[in-house]
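After this come two complexes, each holding subunit A, first together with subunit B and then together with subunit C.
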Partner chain A sequence: MSGRAHQDASRGGLVGVLLALIVAAPVLAGIGYAAAASAGILGASADGASTARITRVLRDPATWSGFVWSITVAAMATGIATFAAVTAAVVFRGSRLTDRIGLALAALPLPLPQLVAAALGVWVLGQSGLLARLAFAGGWISAPSDMPALVYDRWGVGLVLTMAWKETAFLTVVASALLATRTKAAEDAARTLGANGWATFRRVTWPVLWRGLMPAVVSVFIFVAGSYEAAVLLAPSAPLALPLAIADRAADPNLARRGDAYVLTLLLLGMALVAVAAHEWARARWEPLAE
Partner chain B sequence: MAAKRASVIATLVLLAACVSQRDAPAGQATVDSLAGLPWDSVLARARGTDVVWRMWRGDPSINAYVDGWVVPRLRDRYGISLRAVEGQGPELVNQLVVEREAGRRTGSASLLWINGETFGNLRREGLLAGPWSARLPNAAYVDSASPIIMRDFEQDPAGYESPWGRVQSALIYDTIRTPAPPRSFAELAQWIRAHPGRFTYDQGFTATTFLKGLMYAQGGGAARFAGGFDSTRYLAARERVFAWLDSLRPALWRAGATYPPDVASMHRLFANGEIDFSMSNNQNDVVTKTRQGVLPASARAFVLRDGTIANSHYVGIPWNAPNAAGAMVVADFLLSPDAQLEKMRPDVWADGTVLDTRRLPAAWSAQFQAIETDPRQVPRDTLAKYAQPEVSPRYHERLAADWRTHVRSAVPQRSGSGR
Partner chain C sequence: MNTGVAGTASRSLASLRAVLLVLFALTSIGPLLVLVVQSLGGAWFFPALFPEHWTLGAWNLMKSGDALPGALGTSVGLAMATAIVACTVAIPLGRALARLRGWPRHVAAAAAFLPVAAPPLALGTGLQVMLIGLGLGGSAAGVLIAHSVPAIGYLTLLFLGTFTVFDARVEDESRTLGATRAQTWRRVTLPLLRPQIAEALIVGFLVSWTQFALTLVVGGGEVRALPLEVFAYVRAGQDQRAAVGALLLVIPPAAAFVWLRWAARRTVVPFS
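So, the complex of A and B:
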């Protein structure tokens, strides 16, 4: 590389770092503010630098039950959405009209605002909802209220199903794009070498698909775990989902307790960072094997 | 030489005044500067200005009253352009704290809709401008004999907020489903046991008010909690309240394993027939909600004979209000007889007036007396008979926090049943 080319590359890298910093600055400022508010330095309940608030919140069993509940629900919703998206993308990967219709239907919830999706979840899954009324009309239950509780329920069934349905659309679009652009040549080669359909899927399609899909899956997991709009309409009051606990604390009638919200926010952020780091670790470990 | 020295001193004083004026928060500086001036000066200063009003925007009836009735009249009469934007209690405090930390001496809103613990928090943090409310010409008509209006959760408004309306908490039932609703907390307990899975309360402000009413009933009446927060008295009452709730928990909706997030969810569950009672902090909410179709036409409100909490709501001016003069004119207009009368109409908002109608000119007084009542409304004399005042906001804070810890988080072993 000539000196001038090297200089250009360095300048380009510097511009890239500056642009990244501009994008990251609000996030970093937010993290800094949350950290200062957690430590009692800033915010409505600032009462002097101390770790007392952080300790109190992290020692509260309700914090951890809400944390575990949130990541469990997010993991289940993400798992179901991933399975459904991969299935839809593989089944409807052809160019027939039925394939195009199938993919369009799977991607249909994509433009829906999350709040609307959650409201649909209540409308369909609530004890006075569509399913309950259909079950009652069909004679399977003696009253709509006999329908098992799927909304505000302990296990978050309504929230899991609603978020899985909503996020299937996004993952289907990503999976379809991966199948269309990254597997075709390798699949053709495998078939030419005598691999049957299942072997081709298992040895070629699936490895490429899951490696390409994982960043989107991690994003969906983090997004669902931090989702307020869906949780407020569908989640139970105990354990209290982490996003609801954050809103709860941020609006506490007692001003002195509002700083708790920042501790919980940092906890949620920590969970997201761990998810991203785990993905990066797995990628670094597995990708060389794929080369 | 002396003249020159005097001139230098005068210049320095003027500069200091300018610096201090620049550093003073906008809202408080305006309130102070208008203190000695006649009301006409306030009107002149407000003419042609914009006022941003942060308020709860969750009720279409209130929004329609503000946007469709108040806004055009302020524009026509005072040349003020009023813009109501979302922002309620806790958000207002958080927003103003952040603005203070950011050094924003001129903030984003000039008027706030507040009461209770929000007023207490804002006053404690020094985030309200004042005093100013006694200056409003229409303040002369305020019912100054009413402790419910003149004390905001036992706090003296001290001129830092102006009353706007008054409400009383009530339970809502369906006359078809529950033709004979319970009339006391004791009867309510019996009813809940006899109808498992058909009663609950929400996690928000409305339910805390309901629980405070229960606290009064279990603790010997509102008077025993008057005079500021008493920890010993509170703890004793809290035990009784939680014991009452615990004894009924298995018979609550979803066996008390979960609670609706807010009163809007309560209304939805009630309208869908999943529960038999909803509740509201406004006794006339049932009128507007049945008209909107949110609640069934057969829904009615009622108050328990043990008493229900009545309180007032107010408007305040933040310390850094960009247009405190405009905000004062808006607050005065909101207090005017025509604005109060319109707000009181059952087909508008059905919010109670804060005016003493006997002080009004005869023509206005007659209109208030003749205002059409809706058959769905709780009669005024019934409301007055069972009205109980708010007590220190500390009771509200503690009860809300302790309920979350001792009741909400304590999930019963058997949960998630359909009933």
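So, the complex of A and C:
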């Protein structure tokens, strides 16, 4: 490349990055504001630059129990959804009618907004929901209180199951598209070279599938971890999921504590930044294979 | 022996396929049926498996002065405006980013993904202050701006993908034949990109359509979009109205899903 062309490419790259930063600017500005408000410089409860608020919130065990709870629930929902989606995509990858029906059924919840999925979680998994009614009809329980609490429960079972159910649909669509377009030639080559079905899946199908699926898996994780509507309808009040803790502090009757919401917002946005980095890393690893 | 092993494996796979088919049928159709039955059922108390009677009462509220029709109109208006704003911004951005190579491309893609990944509540908390400063807090215009932030992120990524494989030589040929930039855009680029733009408008519409936390935080409860009404009904235990609202929320994404699958099958690829 000549010096002039190199200079043009560098300038073009810089302009492109600046343009992309315009897209990210509202989030970056939000991070900046939350940081300033956390440090007591800006906002309704600004009381002079200090790290006191940040220290207090970060030393509060409730902050970390909520943070760990949110991450754990998101990881479990994502893990279950990934397993179910890969299973569905692999088992129904043929061209028979049952394969098409299987994939369509797995993808059926895809158009549901998270709010609707969460409402269905309440109506199906709640102690007087559909599952409890079926259990009563089957003679397993005699009152709603006999039904194990799956909604607002300490372990977030209802939230995990609901989000896993909803996100299985998205991951199934991605996984089946990858299987249909990206693995066939390599699998045929492996089978020709004598590999059996399981070895072909383990050594060829899965590595390619996982690389292609990883950006979607990261997206699902952060969507679940950051979901407010699903948490508010299905999560317990202790530990308080991070999005709920933000809303709770932002409306605290004690005005001095409202600024705590910004520290928690920074934690949630920090989680999103890590997810963005992981997503881009996964996407960059996949890009050469996708070409 | 090998035939025996292969036969056993094949039978196991067939059994697994049958089990999964039943499982997905129950878990996918069952909850959706609950939604439909809930919207058409009268009193439906534990332990009844079906409502005591059937009624169109909640659906008839759509014809009256209930909150749902107004919320539906607000959501449709916001979603259409968001789709147009986001598409207008994302097309040139996506095109500019698609020209990048190496680390600038990674930084740009990550920057475009940031508003998509940022949890709406956290995003709203930051945006709310700025929009209040601009006098747009609690207004539909403020909510439109807020919805446009993640929508632009989604659509920029979409057009980044589109323009990465777009063959710009057809534009060069058009310019060589004497067309102006505007003519080339209108007569060559736009017709080639029509399916992608239609897809982007749908995605932009749906990003706004499903927003709950951003509308709540930035709209301050003043902008009553459909998700807010559905949420209020669920919390208040007005399940019948909530189910009607929820079904209304599901219709556009479901229609879009069907259309996108249909369009994907018949798209003629005009790209390299």
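We adopt the following convention: the second predicted complex is superposed on the first by the 257 of 291 C-alpha atoms of A that agree within 3 Å, B and C clash if a C-alpha of one lies under 4 Å from a C-alpha of the other, contacts with A are read in each partner's own complex, and residues count from 1 in each chain.
In this section, a residue touches a chain if its C-beta (ideal position, glycine included) is under 8 Å from a C-beta of that chain, and two chains touch if they have at least 3 such contacts.
Predicted model only: the values in this text are computed from it and were never measured.
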{"item": "Fit or clash - subunit C, subunit B, common subunit A", "value": "clash"}
{"item": "Partner chain(s) touched by A:Ser128 [first = subunit B, second = subunit C, both, neither]", "value": "both"}
{"item": "First, second, both or neither for A:Ala250, with subunit B first and subunit C second", "value": "both"}
{"item": "Chain touching more of subunit A, residue-wise (subunit B, subunit C)", "value": "C"}
{"item": "First (subunit B), second (subunit C), both or neither touched by A:Gly43", "value": "both"}
{"item": "First, second, both or neither for A:Arg154, with subunit B first and subunit C second", "value": "first"}
{"item": "First, second, both or neither for A:Asp146, with subunit B first and subunit C second", "value": "first"}
{"item": "Which of subunit B and subunit C A:Ala272 touches, first, second, both or neither", "value": "second"}
{"item": "Subunit B versus subunit C as contact partner of A:Ala62, first or second or both or neither", "value": "first"}
{"item": "Which of subunit B and subunit C A:Glu280 touches, first, second, both or neither", "value": "second"}
{"item": "Segment of subunit C that clashes with subunit B, given the candidates 131-139, 167-175 or 185-193", "value": "131-139"}
{"item": "Those residues of subunit A which subunit B touches in one complex and subunit C touches in the other", "value": "42-43, 122, 128, 144, 233, 250"}
{"item": "Complex contacts: residues of subunit C adjacent to subunit A", "value": "9, 13, 16-17, 20-21, 24-25, 27-32, 34-35, 38, 45-49, 93, 96-97, 99-102, 104-123, 125-127, 129-130, 149, 152-153, 156, 209-210, 212-213, 216, 227, 230-231, 234-235, 239, 242-243, 246, 249-250, 253-254, 256-257"}
{"item": "Contact set on subunit A toward subunit C in their complex", "value": "9, 12-17, 19-24, 26-31, 33-34, 42-43, 87-88, 91-92, 98, 101-102, 105-106, 108-116, 119-120, 122-124, 128, 130, 132-134, 136-137, 144, 165, 169, 197, 219, 222, 225-229, 233, 243, 246-247, 250, 261-262, 265, 268-269, 271-273, 275-277, 279-280, 283-284"}
{"item": "Residue ranges of subunit B in contact with subunit A within the complex", "value": "89-91, 93-94, 97, 101, 117, 121, 124-125, 197, 203, 208, 254, 257-261, 265, 268-269, 272-274, 393, 396-398, 400-401, 404-405, 408-411, 415-419"}
{"item": "Residues on subunit A engaged by subunit B in the complex (per definition of touch)", "value": "42-44, 61-62, 65, 122, 126-128, 144-149, 152-155, 232-233, 236-240, 244, 248, 250-255, 257-258"}
